[in-house]
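We just call them A, B, C and D in the order they show up, numbering each chain from 1.
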Amino acid sequence: MIELQDVTHDYGGGALFENVTASLDPGSFHFLTGPSGAGKSTFLKLCYGELRPSRGSVAVGGSDLRAMSRDELAAMRGTIGVVHQDCQFLDHLDVRANVGLPLHATARPVADRDIEDLLSWVGLNAQADALPPTLSGGERQRAALARAVITAPRLLLADEPTGNLDWDMSQRLLSLMIELNRMGTTILIATHDMNLIRTAKSQVSSRVLRIAGRRLQSAGADL
Amino acid sequence: MIELQDVTHDYGGGALFENVTASLDPGSFHFLTGPSGAGKSTFLKLCYGELRPSRGSVAVGGSDLRAMSRDELAAMRGTIGVVHQDCQFLDHLDVRANVGLPLHATARPVADRDIEDLLSWVGLNAQADALPPTLSGGERQRAALARAVITAPRLLLADEPTGNLDWDMSQRLLSLMIELNRMGTTILIATHDMNLIRTAKSQVSSRVLRIAGRRLQSAGADL
Amino acid sequence: MSAISDRVVPSSGHSGWLVWIGAASMSFLAVFALALAVSAARLADTWSAALAQSATIRISAPPAELEGQTEAVLEVLRTTPGIRDARVMTVEEQGQLLSVWLGPDLPLDALPLPRMIEVWETADGPDRQGLRLRLSAEAPGAIYDDHTQWRRPLISAATRLRGLSVLALLLIGGVTGVIIALAASAAMASNAQVIHVLRLVGARDRFIARAFVRRMTRRAALGAAIGTALGMLAVAGLPAFGPEATSGLGFQGLSWLAPLCVPVLIAGVALLAAAATALKVLRGVT
Amino acid sequence: MSAISDRVVPSSGHSGWLVWIGAASMSFLAVFALALAVSAARLADTWSAALAQSATIRISAPPAELEGQTEAVLEVLRTTPGIRDARVMTVEEQGQLLSVWLGPDLPLDALPLPRMIEVWETADGPDRQGLRLRLSAEAPGAIYDDHTQWRRPLISAATRLRGLSVLALLLIGGVTGVIIALAASAAMASNAQVIHVLRLVGARDRFIARAFVRRMTRRAALGAAIGTALGMLAVAGLPAFGPEATSGLGFQGLSWLAPLCVPVLIAGVALLAAAATALKVLRGVT
């Protein structure tokens, strides 16, 4: 589903990682970890095309991102789900409309039932009509995850989706993602929460990638 | 240091908590926990006067916030440190200027040495000249904590200061706050990270408050 | 569904409001400048008509030839293009003109009064050089006096006024365009986050640009319509300066239709500015 | 330290840029309107001087009394307030005037020519009713003719032009104020986050307002200075419409100092607008 070939990225102050090669199979479940500032968010941004690598190539679903036109990139994004670390919303639309946004923006049919079901799963029924700026930190993260999965994406990229959530709610979101994975979605979660990784490993077969010292390593079962 | 008397807060959709009475002694170390959306951030905002309670009174350092003029409120804020859950910075100033901002804004002398020392403690020397929008999620939280403690405040209010940080860095920030507490600063940290609370309890005598079901309870040693 | 794709751009917000206000105040000014230009043109026409298009022909000749030369002059005038009308003055009219200089009790009969012919030119006027040559051939005693000397500063003043108003109109038009374009681009730029979020959820450039351009144009058109209406009310409410109804500032008759073009033009400018800015901003976002 | 307290408000950003551009384009327009007003006033003055302030007194009397009445009239004129100068026309001058109507070969000696006195009035002019009464008492044959009839439309046109330009100037001034105030308030509002952060770290209202007002005023003043300079260049580069140097559009001599007030006024408006907006916005932030 995601193929990185010899990718090097550099924001201008020295390479963040060098000659990274990785391949995530369709239907796989990966965690991405590493110290703060190692480049986890950067890695995800490369995968959905917000950034272009300084060198090397990134392919999603078999198509090289460099060869895509702007419209093809948009179409590709319509088939994947992304949870950003800073959960950006349209602040003037309520939570329900924000969750449905990927469907509205690509002119796909919107099933109100699905949105309500998803909102109740992440515990936001009461906030469906609220505007994003009035949400609590954890509510924003739950709304961001709901928006990412509303399209039943073939690939889900989530950047610290549980950073502001208590343990119970984290578990709940994790089980939602595991459920999606069982239905075929490829999943990549950047997180520093070892408990979350451990819990997931007990429920689904997953691999852990670790960025540190400019390299991407595959952590074994040991962590 | 902080006294809440019969505080009720309501954003308009029903009371978030009712008749909360609490008292935090000077020099004490408290954690505030509770499920996502329970009102932890709201509680902190009441303490530094960003919100006014619907009913009841809040006093900081013996002065009732309701009786303060705008300038007195500003002066009070100059003596406390706050880490916001969404870490707001002036995006056009570099990290160093942002960390020194509480001193600049209140026309107090700025010791460049202190800023550099603090930045290196939170691991941001390399980012001192970077602009906040280019920081990673964890780097923002570290910069926010540095800004909160630069004034050697008598009270530190921190809202999820380690939500985006790996375990090692969380420990490092915790030990910084414990050090400040030893030197007399009253500390209140809102967090959902039970490991952090457990680690702190082993190093400093602290109490845990818990917001749930519109009430503020004191959790025992058991959590 | 279409409801939300219309709403993806925030409806309030200060920069959107600036488009509105910019369009309104500039169309207010434009209506005003238009009124000035229209009135200046009318004023210049009136003056030109009153001052420029009349002339006098004086025929001094021995009494015996006077009648013949007068006939000849009238014939020449009839066949000269650029002459609207000509009329021989009566002796009484001549006396009235002279009384200014000679007093009322003028011995008109005792004077060797020349014959005077009043001439009205068309807007373009005749070829004066040619006319003078023909007159001196046909009627040697005739002198064509087109009052050139004293009318010249007034004609040039009227022309200048008309030119100035048109210049002011062009200037205001230009500034309007610039302000609307800037406001549209500021509105667009201040919605950078909206654009970013929309791109991230898979929206194509066309979808985003359409939402922006539609909202911006609507806002500019509404602002311009209100500004124009206010401007027309203000022009209609202006006090008349002169006693004559036709010489006041403002529109008259069909010229009231002219300011109605203002909102259309401004909406057009806003549409172009918004579309150009949208495409430029979008190219910068991945 | 002062370096940072100056920099707490972002120096770039679209709405700050709008203050700049708004100030520049409105002062450009203001300079233009000012030039129009100054030229209109000068034009009106010229016309008034040329047309309104001259009059003629014609004295028709038996030859024996003529000299005496002329002396009496001159004496009356000397003691009448509102009369600048008076002069008796020579016979040749009268002949020149009459030749328009009577032809060049005029038997001047044979005519009972009345005496003509040319009179220049001051700007205010004399009390004409009183003057006529005194003249008819002192010199029954004197008739005061102030050309009222044919000068009236020109005077009213000149007045109208002057009024219009002042109106345009006021209008542009008003719109300028509104635009600058709006741009300042938009700039302020778009910096809501900056204000919020500053309040949170303990900055007082005075500190925040000062930073904003200073930056905003500086920006508006700079924009206005550039707009004014461009406007003055444009006015200086305008083609002269008439042949006479003094009647062209634009400033002359000391009136070139007038547009220099524009940036000062605009900076003042911006200062007030920014201060008012700052206090209003700050009251809404805790």
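Going forward, a residue touches a chain if its C-beta (ideal position, glycine included) is under 8 Å from a C-beta of that chain, and two chains touch if they have at least 3 such contacts.
Keep in mind the model is a prediction, meaning the values are calculated, not measured.
Any chain bridging chain A and chain C, meaning touching each of them, is missing here; the list is empty.
Separation of chain C from chain D in touch steps, taking the shortest path, is 1. Ranking all chains by how far their C-alpha centres lie from the centre of chain B, first place goes to C.
Centre-to-centre spacing of chain B and chain D amounts to 63 Å, using the average Cα coordinate of each chain. Measuring from the averaged C-alpha position of chain A to that of chain B gives a distance of 29 Å. With centres defined as mean CA coordinates, chain D is found 68 Å away from chain A. Taken as a contact graph, the chains are arranged in a single closed ring, with each chain touching exactly two others. Shown are all chain pairs that touch, namely A-B, A-C, B-D, C-D. Listing the residues of chain A that touch chain C in their complex gives 48-52, 70-71, 73-79, 82, 84, 88-93, 97, 100-102, 104-107, 109-110, 147.
Those residues of chain A that touch chain B in the complex are listed here as 11, 13, 33-37, 40-41, 85-86, 123, 126-127, 134, 136-139, 142, 159-160, 163-169, 192, 194-195. Listing the residues of chain C that touch chain A in their complex gives 1, 4-5, 7-8, 10-12, 193-194, 196-205, 207, 282, 286.
Only residues 14-15, 17-18, 21-22, 25, 28-29, 32, 36, 43, 47, 50, 56, 58, 60, 94, 97-98, 100-105, 107, 111-114, 116, 145, 153-154, 156-157, 159-161, 163-164, 167-168, 171-172, 175, 178-179, 182-183, 185-186, 189-190, 238, 241-244, 247-249 of chain C touch chain D when the two sit together in their complex.
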